[in-house]
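All remarks here apply to the structure that follows.
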Amino acid sequence: MIEIDALTKIYGETRAVDAVSMTVETSSITAIVGTSGSGKTTLLRMVNRLVEPSSGEVRINGERTADMAPYKLRRRIGYAIQGHGLFPHHSVGRNIGAVPRLLGWSKKDIRARVDELLELFGMEPDAFRDRFPHELSGGQQQRVGVARALASRPDLMLMDEPFGALDPIIRARAQEDLRRIQRQLGSTIMLVTHDMDEAIRLGDRVAVMDGGKLVQYAPPEEIVSRPASDFVAEMVGDNERPIRLLALIPVADAMEEGNAEGPAVAATASLRDALAMGLWSARDALPVERDGEVVGRVTMDAIRARAERPE
Amino acid sequence: MTSWPGLVLRGVILALVVALVTVPEAFRPVFAPVAPTPQQAIYTRTSILSLAMSHLALVAIACAAATIVAVTLAIAVSRPGGAAFRPLSRTIANVGQTFPPVAVLALAVPALGFGSGPTLVALFLYGLLPVFENAMTAFATLPKTTLDAARGMGLTRAQRLWQVELPLALPVILTGVRLSVVISLGTATIGSTVAASTLGEVIIAGLLTNNTAFVLQGGLIVGLFAVLIYDAFVLLEVWLARRTGRATTR
Amino acid sequence: MKRAAGSVSPTGLLFAAIGGAGLALPFVTFRENRIVLGEGVAAWAAVPPGAAAFCIAAILGGLIIGLATDRPWPRFGGSLVGLAGLLALLSASAEALLADALDLARVAPGAGVWMLLLALTLLMADALSALKPGPSARAAILVVLLGALAAVLASGLLADISTMQEYRARAASFRAETIRHLWLAFGSLGAAALIGFPLGILCHRRASLRAATLPTLSLLQTIPSLAMFGIMIPILGWVGATVPGARSLGIAGIGFAPAFVALLLYSLLPVVSNTVAGLDAVPRAAQEAARGMGMTVAQRLRTVELPLALPVMLAGIRIVLVQNIGLAVIAGLIGGGGYGTFVFQGLNQTATDLILLGALPTVLLAIVAGVVMDILVDATRKIPEESA
């Protein structure tokens, strides 16, 4: 558990981060979203003390970060940044093994961990271990960057716009990968983004920052359905709110007994996917399947009801 | 760059150089403490003014000629017809600049004898390479889109060269000229060892007679010349680069 | 660069023109003794016609290969054939001319030899730059060429050439001055590196130090070398006379010390500014990542910053080394030794051979140093330039 307590950073006259308090649960993703200059990156960088707080404190599993030597603290925290920040003169394997090496792991352990991570990210270890960063595609470089941040099984991983430099399709895949790997490893992640879509898609909780202040900290459904301020509503986007809401709800939640014609939608898909299918094939109801078997149906009326403004 | 203190400092240095050259006698008290006798504080065998003028003239003629020839060659090499010469040109520019200036000067003597002639030739030859190298780089790195636009709007080859390529390449070429001039000012000083009449004569007279005053007097004038000329070129380059939006290399 | 068969290589045309001029000019000069003016002798005049024709055919053959093809290997071969012909003709000419001359007579290469040498080395340089050899191939080529040069000098083929006679007359002092010259150039470089690398690292970290240091060092660089060497004499003379113990360390106003210090001052700017530039060019994201993963300052410097900055730092060393080898000649003027001793003695005595004895090794040393450093810079560049 990461506790952030009245964390503040003052540069001259401006309060870049203004008394932010929040708690990040273990094994969850917290997405910090905001416009540029909102203080989101400064907040993140105060967690591993790349920026020293002016006041307030951070506790990781109850330990005050202020009591640790910064470099030792940082070795416990994974850090992935935009443009990957790989060392161009080190091989992929050496890049991923950088923090374990700092921590004095044995060569054998480092190598095993490198191979394990490469496999986890769908990169054949024998093919990629000895390549250099400039020999990889943008998506691969980014994956190696995240793998490096995860290498020492850190208590916490900080990610600053990790997908910022990727094009939309590769970006969507990278987001899915991250979600999958986070679930698999149970990692705790704090991720900074300026993209509300990304925040909603990845975050178990979303923190919206504006002018150095934390304006709302809630699960994504709540951010979309009950924005705490006009600013949050604007970030979410008025026109896209119903669609965003649907994207967060699995089909299973709106399923009912009964049958329907045509191809089925998966129970694990989102209502947004179901809506798209229904609209495109002009059906009022779709069969729902789970593990290849039809288990019920979802109606367009039910979907519409879930997209309405909550009371 | 052109702040008030900067302008005042430049004015003072310029005035100092002019005074050192035109009324050297006025500095007798300054150099006297390091001279063997007060009578030997100021070099009087030849007029400082005439040495300075011939020093500057040598550098100016050599560098002007070197610039014209080097830029012409760089233009020729950067045209499609000159492509065959490009790898060689780069090698020559690279290896040629490792030739020590003093050695070039020394090698010019057997071929041309003593006097200002060999110095002029050595300065010219040595001045070619920095200008040539910078001009080649400048022509090779012109913004492609601008060149395409110039072609697209129907400028002829000559028009493109005069109206687009040369003006855009000018700041980088000037950097090369600046290197040439600063090196030439120093090499011309050594030219007096082969009997060219330059300010080096004053320094060498000091070295031969163990007279620090002469060494300082000659060194100070040449050094200040170099600083002023270097500075003037930098200002010109910055001004031009700002107009064309290209960054200069220092 | 494909052209229709049968057409002529444009660079080859240039080399052939230079070579042609070389053949027309006096090949060697013959002098009664080392000081008087000589008379020019044509390439075919001194040697028996058969041998002359053979050598000239080899020279022409090399130039014609350069004219006929663009392919680098044949052209490289052509340049070697041509150079062998030139060497043989020079050697034979000198031997023939000296055979029935007085003891003091000398034969020196004339304008013709130098022009032909220029044409053939340009042909070789053109072929080599077209081959674009990698660092290790360049090192191999350099070793082979230097080996060939050493073999030629050791073989005695050029023993009758005036500069070699001059060398034999002062072999011992040549060796001493060579060592002196190397000490001046490399010693001042080493001292500059010891001071300049840490200073550059500090300048990279502190903008205020950089703002004060770099302009000062640039200013030092603009001081003409002769003045710099001259000014060092009284300063070091004063230090030697007043600081206790300085004189016993060899610090004095005349000789090695002022030359060494002058070279050191000239060396600082390239070392410091290239260290700063190299460190500046380390990708920001990599530095940030290194800090973020918990590397200490020393670890970041050792594993990330210095390895990535190394090629640029070595490029600074290249500038310094080439510059110092050249400037060390001026030490000869203030009694600091080195090849400059021969150059300035030669100028004083108007003895061309002596000037060449100092100038040619200096040029060779500078070129070899430049090539070796270029190889090192390329070999340490672990990442391609475009991705850096």
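We just call them A, B and C in the order they show up, numbering each chain from 1.
The working rule: a residue touches a chain if its C-beta (ideal position, glycine included) is under 8 Å from a C-beta of that chain, and two chains touch if they have at least 3 such contacts.
Just so we're clear, the structure is a prediction, and the values are computed from it rather than from any experiment.
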item: Per Cα centroids, the chain farthest from chain B; value: A
item: Chain pair with the most C-beta contacts; value: B-C
item: Chain A and chain B: spacing of chain centres that average the CA atoms, whole Å; value: 59
item: Inter-centroid spacing, chain C versus chain B (mean Cα positions, whole Å); value: 22
item: Chain C residues within the chain B interface of the complex; value: 1, 9-11, 14, 70, 111, 122, 125-126, 128-130, 219, 222-228, 230-231, 233-234, 322, 325-327, 329-330, 333-334, 340, 343-344, 346-347, 350, 352, 355-356, 358-359, 362-363, 366-367, 369-371, 374
item: Of all residues in chain B, those that touch chain C in their complex; value: 34, 83-85, 87-88, 90-92, 94-95, 97-103, 106-107, 109-111, 114, 182, 185-186, 189-190, 193-194, 200, 203-204, 206-207, 212, 215-216, 218-220, 222-223, 226-227, 230
item: Footprint of chain A on chain C - complex, ascending; value: 283, 285-286, 288-296, 299, 303-304, 307-308, 382-384, 387-388
item: Sites on chain A touched by chain C in the complex; value: 48, 50, 70-77, 79, 81-89, 98-99, 102, 132-134, 145, 148-149, 158
